[in-house]
Amino acid sequence: MNPIIPLLILCLPLLGFLVLGLLGHKMSHKAAGWYGVLSMGTTMVLAYITAATYFFSNDAAFITEAGNRLQHIIFNQDWLQFTDSLIIRLGFLLDPISALLIVVITTISFCVHLYSLGYMEGEKGFQRYYAFLQLFSFSMLGLVVATNIFQMYIFWELVGASSYLLIGFYYTRPSAVSASKKAFIVTRFADLGFLIGILILSYVTGTFDFTDFTSVQDGSSYAVALNTPMGILARFQGATFMGCSLLTWALVLIFMGGMGKSAMLPLHIWLPDAMEGPTPVSALIHAATMVVAGVYLVARLFPLYLMEEAALMFITVVGAITAFYAAVVACTQIDIKRVLAFSTISQIAFMMVSLGVARPEFHESLGYMASMFHLFTHAMFKALLFLGAGALIHAVHSNDYTAMGGLRKYMPITHITFLIGCLAIAGIPPFSGFFSKDEILSACYQQSWIWGAWMSMVAGLTAFYMFRLYYLIFWWDEPDYGHHKPHDGPWVMSLPLVFLAAVSCVAGFIPFGTLVSWNGVPYHIHIDWMGVALPSIIIAVAAIALATVMYRKKNSLPEKFAKASCGLWTAAHNRFYWDEIYLFITHKIIFNGICRPIAWFDRHIIDGSMNGLAWLAQRLSITIRPLQSGSVQAYVYIYLFGALLLGAITTACVLL
Amino acid sequence: MEINVLYYLLPSLVMFCCGIYGFLTRKNMIAMLISLELMLNAVDINFTVINRFIYPDGQEGMFFSLFAIAIAAAETAMAIAIIINLYRVNKNVDVRDANKLQG
Amino acid sequence: MFSNPLIYFVVIPVIMLLGLYLSRSMAHIRTVAVTGSLCLLGLSIWLLVDYLGLRAAGAEGAMLYRGDWTWFSALNIKLSVGVDGISIAMILLSSIILLTGSFASWKINPLPKEFFLWLILLSIGVFGFFISIDLFTMFMFYEVALIPMYLLIGIWGTGRKEYSAMKLTLMLMGGSAFLMLSLIGIYYNAGLDSWNILDIAQADSIPHSWQYFLFPMAFVGFGVLGAMFPFHTWSPDGHACAPTAVSMLHAGVLMKLGGYGCFRVAIYLMPFAANELAWIFLILTGISVVYGAFSACVQTDLKYINAYSSVSHCGLVLFAILMLNTTAMTGAIMQMLSHGLMTALFFALIGMIYGRTHTRDIREMGGLMKIMPFLAVCYVIAGMASLGLPGLSGFVAEMTIFVGSFQETALLNRVFTIIACCSIVITAVYILRVVGKLLLGPVQNEHHLELTDATWWERTSTVTLIICVAAIGCFPNFFESLIRTTFSADIFKVIGM
Amino acid sequence: MDYSQFLAMKQEIALLAIFLIVFLYDTFMPKKVLTGLSGITTILFAAFTLAGFGLMCGHTESAFAGMYVTSPVIATIKNILNVGVLIVLIQSASWNNSETQSTRRGEFYELLLVTLFGMYLMISARHFLLFVIGLECASLPLAAMVAFDKHKYESHEAAVKYMLTAVFSSAIFMMGLSYVYLLTGSLYFDTIASSVGCLDAQPLLIVALAFVIAGVGFKLSLVPFHLWTADVYQGAPTAVTSYLSVISKGSAAFAFMVILAHCFGSVYSAVWEWMLYGLIILTITVGNLFALRQNNMKRFLAFSSISQAGYIMLGIIGNNAMGMASLMFYILVYIFSNLAAFGVIQAIENKTGKLDMSDYRNLYKSNPHLAFVMMLAMFSLAGIPPFAGFFSKFFIFTGALSGTTSVALYVLVLIALINTIISLYYYLMVVKSMFLSTEDPIIETFRSSCADRIGMWICTAGVIALGLVSYFYNSILTLCQNSGLLNAIV
């Protein structure tokens, strides 16, 4: 494949960032905005071309005769050489998941660019906003097409930084500043794990390249690097650390990076706060693209993870707990963006669990495919929900549902599209969420009924809180909107909503299995209607019904419910006090318990000892001052004493 | 009783020590000068005796004594002059008063 | 003698000194300073290009542009010059920072002439140090670079400048006391009657028992300048009180003398002891890295924050050098470059902000992004470079160090590598803390609203540095290969690298 | 007696000739031309100094049955001293031409020349009789010079202290000599050297040596024999102080080296290496500690010179040619650096009478050139490159460690090096008060006299050039390596 198009996919957003960043203040808002939209639009088209070429061209580089998809490196440029074998390269790896992701990213990004034209209209720093969006898109694209783990890390960091910049876009608002800081530092902490994981992995294998880790060997399955899967294992054998093999450590630490970006418990705390950013940003970064980077990372290294049962187990457990936790919290939040944020956490946890339960022996790792499928559908409907929320916020100038209610009359487009989003996420057929979630659930059931039941329950909660949100916004009780009745946004805002809603309606019918599977072997999805699908539909409908009862009309049921829950509701409302715990750890323990003592130690002990030396010299100088008493006889006395002592000591030393 | 060299050297050492003692304890500078003379003379005795009793071949010790006597005289003269100078200012020759410079 | 290009790195500053002596007005002084630094920069760029050309043409030898002129024939002390990739990188760094420093002190007051005289004298020391390969001349230049600091801080500084200047000078001289003894010891115990680094390294003839004695002294001697824990306390006070250009030059270049010296003298000449005793200093430098970062977290003075961050970053340099492998050392040199540029940028910006707000206390400022967007954006970029954002220089340097360090299998190395890695998180904490308090948020002080953004000379200074930081960050392979030319030389096979 | 032996003493005789000319001029010329005395003396002495350089390429000669020796090395050290004296003469010119000095002008020069003659004898002596004569000749007139400021009480007190301690010290010294004589039967250095070798380290020898070291250490002001130094330096007229601090000390250092290395060379490692070891540490440290809190510039430099003496001793403790050369070089550099400082002090004292460090505040603003020279002097004394002091310090350390594998010596050098930090502190204090202070200067702007400026120019040139121009050290080292003295040492 001609490398120009992939290269352009990366370069256009970068160029956009540089142009808007350096020259943006000379441009008008309109020019800057449209430049950004066009740049992203072009990128999107190019990404579609690339993906289409990969999936449908039947080129031998991409697909074997037997129809197995291959990994293909389009270009790979040396960037930094560490040792002879450890080289960071910047390149473009095309395989099913990267092709999928570039489509997702460019689509959502384009929608957000377009949407922002309306949403951000007249904001100060409009050009800056677009520059950051472009930077983010560049970084995210670079991340997904990484040919080696270090390239991924590089873009991983860039993604974090651009997320920081975008969350803190309203930089005069202290809450935005602290949210952006929190997001950066929490993900940085996770990245530390990622980095150490990379160090361990690369030290043992002597390579960064994904293709070395996970290459197609015989057309039927991915094999692990360095000739045989056992080869790498052998290198890890014997080397254990604290009871776990090095491979486990490496994989768990790498997953830690994913936990940070994907907001898994306990590193999830930054995501709800990140909603301080402009809402389109939340849609782009904190719902559809960046937060799934963790899932993508695990998927990317999936063949490696397969070798370590413990690591996969860890992923599953973390994912399952997070999914439940986030769903419960989402039921109690007031801020609509926070509800969506927790819902995002929960949905990503779904993907993680799905990856965690995937095994080649169960249906050719159905979980892997399901996870990617859900990633795709979730990106679409979650972006839709966020953009819808953005339209609402744009209309009522508040984030809280208490300021909304009965909006279905005023904002019909938003209402319909939002409803579609809610149906999709709740898993009601024929919307896309149903299909992907169904695959995840069946993957869970294949592993163990415990996971299946657990995740079904979470799915039910999902349906409940989404419809709670839906009713509270669009039904419930109508507050006094004053003279300016809320209304739908301009077309640039509505168009993306409609488009994404349309996608959410039909995406479920994509034969996803033939495109994406863990080893490139195509595979046909079939829905287990009786075993999995029907029960889950029933659960979802029941949950929706419950939500309808509780929230459709203004009533006191929710309040009574909250009171009856013996504090559970308050705890959930306060997100189970995770933030307070973190605040305690960072402020009380790290800041006051480590940093301050160290600073004190430095000033008083280390520096004090240096000053002490000076003081000592001065002190000594004063102490010996009486020697110079001014009296000749004292001088001579010392002279004589000195001479005799000199003789005596030397004699003693020589003779003894 | 044979007169051993030690019979000379020990008294001269005693004399030397007396000189030192006097130098350290007298408050009058003239008295201190006298003590110094005592010390220098002890040295002279030493040289002469050593030459006479132990190394009778050469004359080095004797000559040294001669020169030392001359030097001692010069030193005394010099010292007296300076002490008189100080006396003009201080109106006494107490060494305890000569301690303005210190520290 | 004058046919050797390296000599001009000393000759040009000397001519600048003369020019300054004859200057009669501020304009003259600026002309001399800027022209001279431009000449130096041009020369170093030419040197870089020519050096790479020579290497590409297959030039052998550990050092190129060798020149030897006997000085004290009796002791065989020579004025020996020569450069390899590392020295060239350092020379380039120094000339960039000298130039930007000159711009940053455009309006220095009072006594501008004297200020530049001392600054240039300092640069003579720096350049001389980097081109020398004779222990004596190297040490001489090293000390030449130290002493102007006293006056530069003492006269043109702020705050407790007299105390800080004295502390800095005495501590650094304390280091050089150890160093001098070590150098004399090396000379005698190598038994070659030569002060030439290459000869001594090639012969590797210092008895092992002596290496145990001399290596720590040399390392501590240079380590003091490299702000190694626990000898770093001159750094916060010194930097905090120094005038802008001096902070830039000192943190940017002078502290690199420490790292460079540790590498070029301590480890290069005494590989045995380096292997045996590295663990002690690994612990100390490892502590430096984290300790400096933690300390930076609670400081409220901008310069203190940056000084502690320098302790952390320079600790990483020494840390990497002690890993004794090519990758980590390459990383160390890159980190020197990177830290030099970025910390100079930091100090330049802090100086500019301080010049406007007359405070460096972050509690008294806020929302500067709104008031002086240019400086604020530059500050954010510097911060991002410092916390290791890819695309800027900090990332490549740190990653090279971490990857290199991780290749060492000893448990201690491993543990401290991981501890050092933690610094990337702590760095993020204190950088973002400053950025958040200083630049973002609402405007704290109403009076600040009237302040102006950067002037053209300030822009020149900062933009130059940012371009350099970004250049290293985006095209690291170029610098990496430049540095690698050094390690390909025979001499390192002696060390066993 | 062969009177031609006197020809070996060319420098001494020429010096005496100058002395005679000055004396006669001073005695017989009419009053009104006496003001020219300083000029005449300086010019004569300059010519003498220049002529002295011719002797450096001569060869070893001895006279009076080996009591007196001269050689290129000895001529060199004498020339070094001559240069110092010349600078002192130039710097003291304006003081000497002042009204208060009008009646005593001649005496100053005469006494000074006589002390210099004594120092020559000390340096050239190879017999203790001649050495003692030289020693006394060098110290007695100095007492008179210290007492020169007739109207100042301090001057007299200083003279009394100097006199009494000097005589006491020479008594001790001669007592020590008498025991050396007792043990060896001779006062010739050569004979002593050969007999001491067979003596082993007897207690009596050690005590005798301790007394001898005390006696010479007094002149060098080694701790604990140094206590007179500060008081005398402070009390004496500044011209005399500068003379005392460099010339007297320089000659004593060389003589000390000859005695230790030549006479007692065979008990080097057994006895005096360790004595000196302790003395050096004490001298450097105590001198530094006292200097820390001085305010009077002369007193401050007195303590600084004490600690410098300790550094000079490092050249002896190595007991080798390089140490010897380094010692001579150190003296040379020390002369220039210290005289630069004294030149400034003297210029300021003559104009304003100010002597305190606190009076020097912001001197750079009122008298930039003086402040600059003072700063160079301080940097050089502290051993900061590229000034000469750095080189002399470096070489003295190199000399001390040359050819040794003794860790103890390394430790000694380390202690000395650490002490340089303390010394740097107080030297910088002077710089601080001159440059860093922002208050108004106390000393007003003035134009120093022509002679002062010449003196300072010479010193500045020396401070800058002596180190950077390798010729000086190289030639001294070459001379030392070829000298006969060294053969006796090694």
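Going in written order, the chains are labelled A, B, C and D, and every chain counts its residues from 1.
Assume contacts are C-beta pairs under 8 Å (C-beta built on N, C-alpha and C of every residue); 3 or more make two chains touch, one makes a residue touch a chain.
These numbers were taken from a predicted model, which means no experiment stands behind them.
S.K.: For chain B and chain D, which third chains touch each of them?
M.R.: Chains in contact with chain B as well as chain D: A.
S.K.: With contacts defined as at the top, give the pair, A-C or C-D, that has more of them.
M.R.: A-C
S.K.: Which chain is in the middle, if each chain's centre is the mean of its C-alpha atoms?
M.R.: If one averages C-alpha positions chain by chain, the most central is C.
S.K.: What's the distance between the Cα centroids of chain A and chain C, rounded to whole Å?
M.R.: 37
S.K.: How many angstrom between the C-alpha centroids of chain D and chain C?
M.R.: 42
S.K.: Taking the mean of the C-alpha atoms as each chain's centre, how many Å separate chain B from chain C?
M.R.: Centre separation, chain B to chain C: 65 Å.
S.K.: Counting in whole Å, what is the centre-to-centre distance of chain A and chain D, each centre being its mean C-alpha position?
M.R.: Centre-to-centre distance between chain A and chain D: 77 Å.
S.K.: At which residue positions does chain A touch at least two other chains?
M.R.: In chain A, the residues touching two or more other chains are 614, 625, 628, 630, 632, 636, 640.
S.K.: Got the chain D residues that touch at least 2 other chains?
M.R.: Residues 160-161, 164, 168, 172, 230-231, 425.
S.K.: Would you give the residues of chain C that are in contact with at least 2 other chains, written as numbers and ranges?
M.R.: As it turns out, chain C has residues touching two or more other chains at 170.
S.K.: For this structure, enumerate the chain pairs that meet the touch criterion.
M.R.: Every pair of chains meeting the touch criterion: A-B, A-C, A-D, B-D, C-D.
S.K.: Under the stated contact criterion, what part of chain C meets chain A in this complex?
M.R.: 167, 170-171, 229-230, 232-234, 236-237, 291, 294-295, 297-299, 326-327, 367, 369-370, 384, 387-391, 395-396, 399-400, 402-404, 406-407, 417-418, 421-422, 424-425, 428-429, 432-433, 436, 439-443, 476-477, 480-481, 484
S.K.: Write out the stretch or stretches of chain C touching chain D in their complex.
M.R.: Of all residues in chain C, those touching chain D are 71-75, 77, 136, 140-141, 143-144, 147, 150-151, 154-155, 161-162, 165-166, 169-170, 173-174, 177-178, 180-181, 184-185, 187-188, 213.
S.K.: Give every residue of chain D touching chain A within the complex, in rising order.
M.R.: 160-161, 164-165, 168-169, 172, 201, 203, 206-207, 209-211, 213-214, 218, 223-225, 227-228, 230-231, 270-271, 274-275, 278-279, 286, 289-290, 292-293, 422, 425
S.K.: Enumerate the contact residues on chain D facing chain C in the complex.
M.R.: Residues of chain D touching chain C: 322, 325, 379, 384-386, 390, 394-395, 397-398, 401-404, 407, 410, 413-414, 417-418, 420-421, 424-425, 428, 431-432, 435-436, 470, 473-474, 477-478, 481.
S.K.: Name, in rising order, each residue of chain D that touches chain B in their complex.
M.R.: Per the stated touch rule, the residues are 128-129, 132-133, 136, 140, 143-144, 147, 150, 153-154, 156-161, 163-164, 166-168, 170-172, 174-175, 177-179, 181-182, 185-187, 230-231, 234-235, 299.
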